[in-house]
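The following pair of complexes shares a single chain, chain A, combined with chain B in the former and chain C in the latter.
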Partner chain A sequence: MQISPHTGSQLVDLCSALLLLTCFAIVAQRRLSACVDLFALQSAFLVLTAAVVAFLTGNHHIYIAAALTGVIKVVIIPRVLKKVIERLNVKRELVMNVNVPAGLLICGALVMLAFFITQPIIPLGFLLTRDSLAIALAIVLIGFFTMIARQKAVTQLVGFLVMENGLFLGATAATYGMPLIVELGVFFDVLIAALIAGIYTNRLQDAFDNVDTNHLTVLKE
Partner chain B sequence: MSPIIQSLLLVTAQVIVLLTVSPFLVGLIRKVKARFQCRQGASVFQPYADIAKLFRKQPVISTTTSWIFPATPYILFASTLSAGLLVPTFISQTPLNFSGNIIALVYLLALGTFFLILAGLDAGSAFGGMGSSREAIVASLTEPAMILSIFAIALTAGSTNLSTIVHKTALLEGIATDPSPHLMALAALFIVALAETGRVPVDNPATHLELTMIHEAMVLEYSGRYLALIEWAAGLKLAVFLSLIANVFAPWGIATTLAPTAMGIGLLVYAVKIAGLAVLIGVLECMFAKLRLFRVTDLLGVAFILALLGLLFFYILRS
Partner chain C sequence: MLNVLWVLLIGYAAGMVLPLYPRQLNTQSLTASICAIVATCAGIALGLLGLIAPEPVTLSIASTVPLLTFAIRLDPLAALFVFTISLVGLAAAIYAVGYVRHFQGRVSVAALGALFNGFLLSMTLVVLADNGLFFLMVWELMSLASYFLVVTEHEKADVRPAGFFYLVMTHVGTAFVVLTYLILFQSAGSFSFDAFRHPEQALPEGMRTLVFLAALIGFGTKAGIVPLHVWLPYAHPAAPSHVSALMSGVMIKTAIYALIRVYFDFLGGQFPWWWGFVVLLAGTLSAILGVMYALMEHDLKRLLAFHSVENIGIILLGIGAGMIFHTYGLNEFAALGLLAGLYHTINHAMFKALLFLGAGSLLYATHTRNMEEYGGLLRRMPWTGLFFLIGAVSISALPPTNGFVSEWLVFQTLFLSFQLPALFLKLMLPIAAALLALTGVLALACFAKAFGISFLALPRSAHARHAEEVPVAMRIGMGILALLCVGLGLAPMIVVPLLDRITAPLTGVSITDKVLALDGWAVAPGDVQFSSISPPMLAAMLILGGLLGLLLAFLFGGRLMTRSYKTWGCGINLSPRMEYTATGFVQPIKRVFSTIYQPTIKLETEFLQKSRYFAKQRKFEFHIEPVFEKYLYDPVIHIFMRIADRLRILQAGSLHLYLAYIFVTLVILLLFAV
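Up next is the complex of A and B:
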């Protein structure tokens, strides 16, 4: 089956737009378990995007990266996080550093910023996926913002993972994916980071009966 | 056939379609909800009977009210119906497309809302005032989201005229095929439609005398034919929003010429599309709980940002 380059790039744009859509859902969501579900959904869209890029360009190593993303970020990490949440005494985040409507507006501004930064670079590219670079940068920024705006360790971790999703999309958009060995290293890092953060959250819960990371700022010897 | 007679026929046809279809949509949503709750539910044609019954009843008007109170149902009904004439239903040509575009549509609907808010305050009851204040919050938050999402659509189609937008998309002309801005605008407009028509995450249409109600609180003082007009106008508003969503985002099958067969197919496809959307709303109402009033701003904030992104995407991804 042959797809014209124009349709192909629209398809990639659409998939990455769905990724950005789930980012905003995460920013607006207060329930911890729903945040994790949305992250799994976002990773599923990432798998879809990577698969579409692999199909359109014929770079088969992207399929492997997509499959690994599917296993690690759609199945394993959300499961680990759900287990962590089951142990916690908080189900939803009531106090945030930035409230939801303001957070959404800031994220809108971040998307604009990402678009303006990548504007001079994008026309230089000749790849099918070059428009997604702006979206990838926006996702990284929103993930970073989520880590700043939230107080609970679990949602901060989700923010970190969203950032990682943005980086993966950026790598796919800019160069059709990194070499497989690098991807493997990154996946391993992310998996270990998520596991460590899960354990750390549990320790936080045991020490303070709470997973509010603000408690850590007043730690004394 | 002269153009004047033709457009008169078109207006008549559209008015009949909108008026007959709107109580059916309300009934259909109620039926879907009832089946999901394991109830038999009233017939889908119950709203017709309700409206007919209310028209036969004598209205009661409080002595403390001014002229706004009896005038509002007529203004609301007329403005909603004329907004309906700006939206393509089964044919891509809209009856009033010479006199107004998509922006007129938004503010015709806002006119009705404005008078309903005044009428809620007019009788001086605590419930009415509360409902009006809440409706004002919701209306002021949905308006920017709706305008922005509509601009995103208008930009991709290159026109603010709904007939042109739908016609172009139906024939896949020009750049009306870019999916990303459309997707964002669709999501935003769907949230706006739920909020504007008083559906579940924002308002619960099935409650009376509850502290959380919005629309029902405003119309609490109405009875008889006034209430019938208001209920019918609420159904019409739902029909207008569903037609807008169905035809702007999925105009396939709509009649683009005045040929009888095309119009027949268009009518059939239109009925299936809006019935499908009504069932979707019914299912969503069963899946989600009503949001707390102060969380409604979060949802409408999402709608606003989505619409803004739709606009941004149009500029960024145009290359």
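Up next is the complex of A and C:
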């Protein structure tokens, strides 16, 4: 089956846009388990994007990366996080540093910022994935923003993982993915980070009976 | 000769890794010591070969980092320090076999052994380095290794601040050292020492002065020149004693090495006269204040640390006088000053290391550093006592030991100032000599106290009563150094020609023939008629005099009778409480110099209720003012703390706020990028 470059480019853009959409959903979602589900969904879209890129370009190593993403980010990490949430018995984010409507507005501004920043770069590219770069940057910024806006350790971890998804998309968009060995290293890091953060959340619970990272303020001298 | 160098490098490298493997604690420390012994033996050979080699040996390994080459150059100056470091290292390594036992179970013996080897290696490389960047690397390694050694007993509350203080001071010093090398680099265009020696364009006069001052402050911090000495009395006592021996004996000497390297080798040429005068002043101040504060100490290791300040001062007196003579073209005298300084450098390394090992033995046997709890140890620890006595005689500059010869040479250098054309210096150098004489007297008083209170009379505490002689390995370590203390004093005819090989290239004249008179049996500062002594003859006379005395006593003293009696104490039994205390011993000196000590004395007496004529309890407290800390360091620390307090607003402790800082920075940078 042959797909014209134009159509291919549109396909990739579509998938990236779906990723971005889930980002907004995460920002808007108060329930923790739903946040994790949305992250799993986003990762699934990421797998789809990567697979499309792999198919269109014929770079087979992207398939491997996509498969690993599927295993780790769609299955393992969400399961770990769910377990943590279950154990902690924290259902929803009650107090936020930035409320939902304001958060959504800021995220909209961040997307504009991302497009504004990448505007001079994108026309220089010649890959069919080039438009995704702006979206990837937007996802990274939104992930970062989530970490700042939320107080529960679990949502912060989700924010971190969203950032990582954005980076993965960016790498795929800019260079058709990083070398496989780098990719593997990054996956390993993310997995470890998720595990460590899981333990850290448990510890936080034990120490403060809460997973609110605001309690860490008292650790300061 | 390169083979020997490789043995040394591999020995230390093995010593840094191998101790970490064995399970048994004894094996760990033994492995570390064996590796260090092999490497230090190679170092001793390397030093001797380097001292007699006609040409400097070089070795260079290129690196991928720009401007950095791992260059090594063994010239006589470096060789002397390699020799000294290795010799003290050898004694310390043997000593450690026994000494480390009392750390077992409390701290990681493996880490201690590995760091010990790393410390020795970095010191050796500091004096061998022939590239500025490489030098700075190993200099930093040396500082870090010694820091970790200082905090070996980190579970003790007073060790951690001591380590931190040392870390801060040494890095302040390193900042100035970096400055020195950067200025030199600017004119040389390369970090190789050869380029420093022969720069593309000569340094302007202002820059030369800056190099002089930056080097004096930077290396002076490490050497412990007053007022940069404040870290010594904290860090040296905190470290394990065999490490203190290395730090005090040789680490601070690497700074002396670097000073000579920078002043005479890199800057060369003519100095302004005030350079030498500043060094001389720093030396005088360090010598006199070092010994004065040492006198007031009752912690044996702190006392020794202050004596290091004193002896660094004496070394600088020699070097400073040498610099002054160099300015006025009196190169023979300049060489004599340098030679005296270097001689004292080796000597101090030997006797100070010996004394620290001795202090370590007392600590090992009694578990305390407080002299007031010693007493009567000579009978219980005769070997340690003998070695400590040799060290004490040596540091007090009494014949026939090595301290006497080198200090005498420093004196002679200062007396030669009548040859100087400048009236001001003609006056100042004899004053420095007078102060040096005072220093010597006070040092003698100090060690009369240190030895007398610790070893003589009755034990003052249960610790001292139950003390036992230390293991053989520790005695061997001390014995080596004690032999060297005497040997170096008796054999100036061997030492002086070797030192002359160092000073001759730096000052342009060889003075062996002038300094050694009567086929080497006498030492004279340039002119036998002016003054001269013969250390071997002095020693012989001391022994003969003693024998003569015995003979006379035997001939005219009547019959020898032995009676075993208690010492007469006016009818009461003598107890340790009647003994002189260390505090009491130095009271007269404290009174005389109260302007310097600014002592605070507190006497609280609790009387019996019935009569004010009978005291129930008396409490006596006395402190001396740490003048430099109070008036120089505290204000600076205070300013920094205030700035830090202001900056703390930024550090709210909130994770979100920190993330927001990063986020805002990122967004702003991205906007700038567009």
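Everything below uses one rule, namely that the second predicted complex is superposed on the first by the 219 of 221 C-alpha atoms of A that agree within 3 Å, B and C clash if a C-alpha of one lies under 4 Å from a C-alpha of the other, contacts with A are read in each partner's own complex, and residues count from 1 in each chain.
The rule is short, and it goes like this: contacts are C-beta pairs under 8 Å (C-beta built on N, C-alpha and C of every residue); 3 or more make two chains touch, one makes a residue touch a chain.
Every value quoted in this text rests on a predicted model; they were computed, and no experiment measured them.
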Could you tell me whether chain B and chain C fit or clash when both sit on chain A in the superposition? fit
At the CA centre of chain A, how far apart in angle are the CA centres of chain B and chain C, to the nearest 10 degrees? 150
Classify the contacts of A:Ala25 with the two partner chains as first (chain B alone), second (chain C alone), both, or neither. first
Kindly classify A:Met147 by the partners it touches after superposition: chain B alone (first), chain C alone (second), both, or neither? second
Looking at the overlay, does A:Ser33 come into contact with chain B only (first), chain C only (second), both, or neither? neither
Mind working out whether A:Pro101 is in touch with chain B, chain C, both or neither, as first, second, both or neither? first
Touching A:Gln205, do we find chain B (first), chain C (second), both, or neither? neither
Please give the nearest C-alpha separation between chain B and chain C in the three-chain superposition, to the whole Å. 16
Under the contact definition given at the top, report the residues of chain A touching chain B in one complex and chain C in the other. 119
Under the definition above, what is the set of chain A residues touching chain C in their complex? 97, 113, 116-117, 119-120, 141, 144-145, 147-149, 151, 156, 213-214, 216-220
Within their complex, state which residues of chain B touch chain A. 177-180, 183-184, 187, 297-299, 301-302, 304-306, 308-309, 312-313, 315-317, 319
Which of the residues in chain C end up touching chain A in this complex? 651-656, 659-660, 662-663, 666-667, 670-671, 673-674
Chain A contacts chain B in the complex at 10, 13-14, 17-18, 20-21, 24-25, 28, 100-101, 104-105, 107-108, 111-112, 115, 119, 122-123, 131, 134
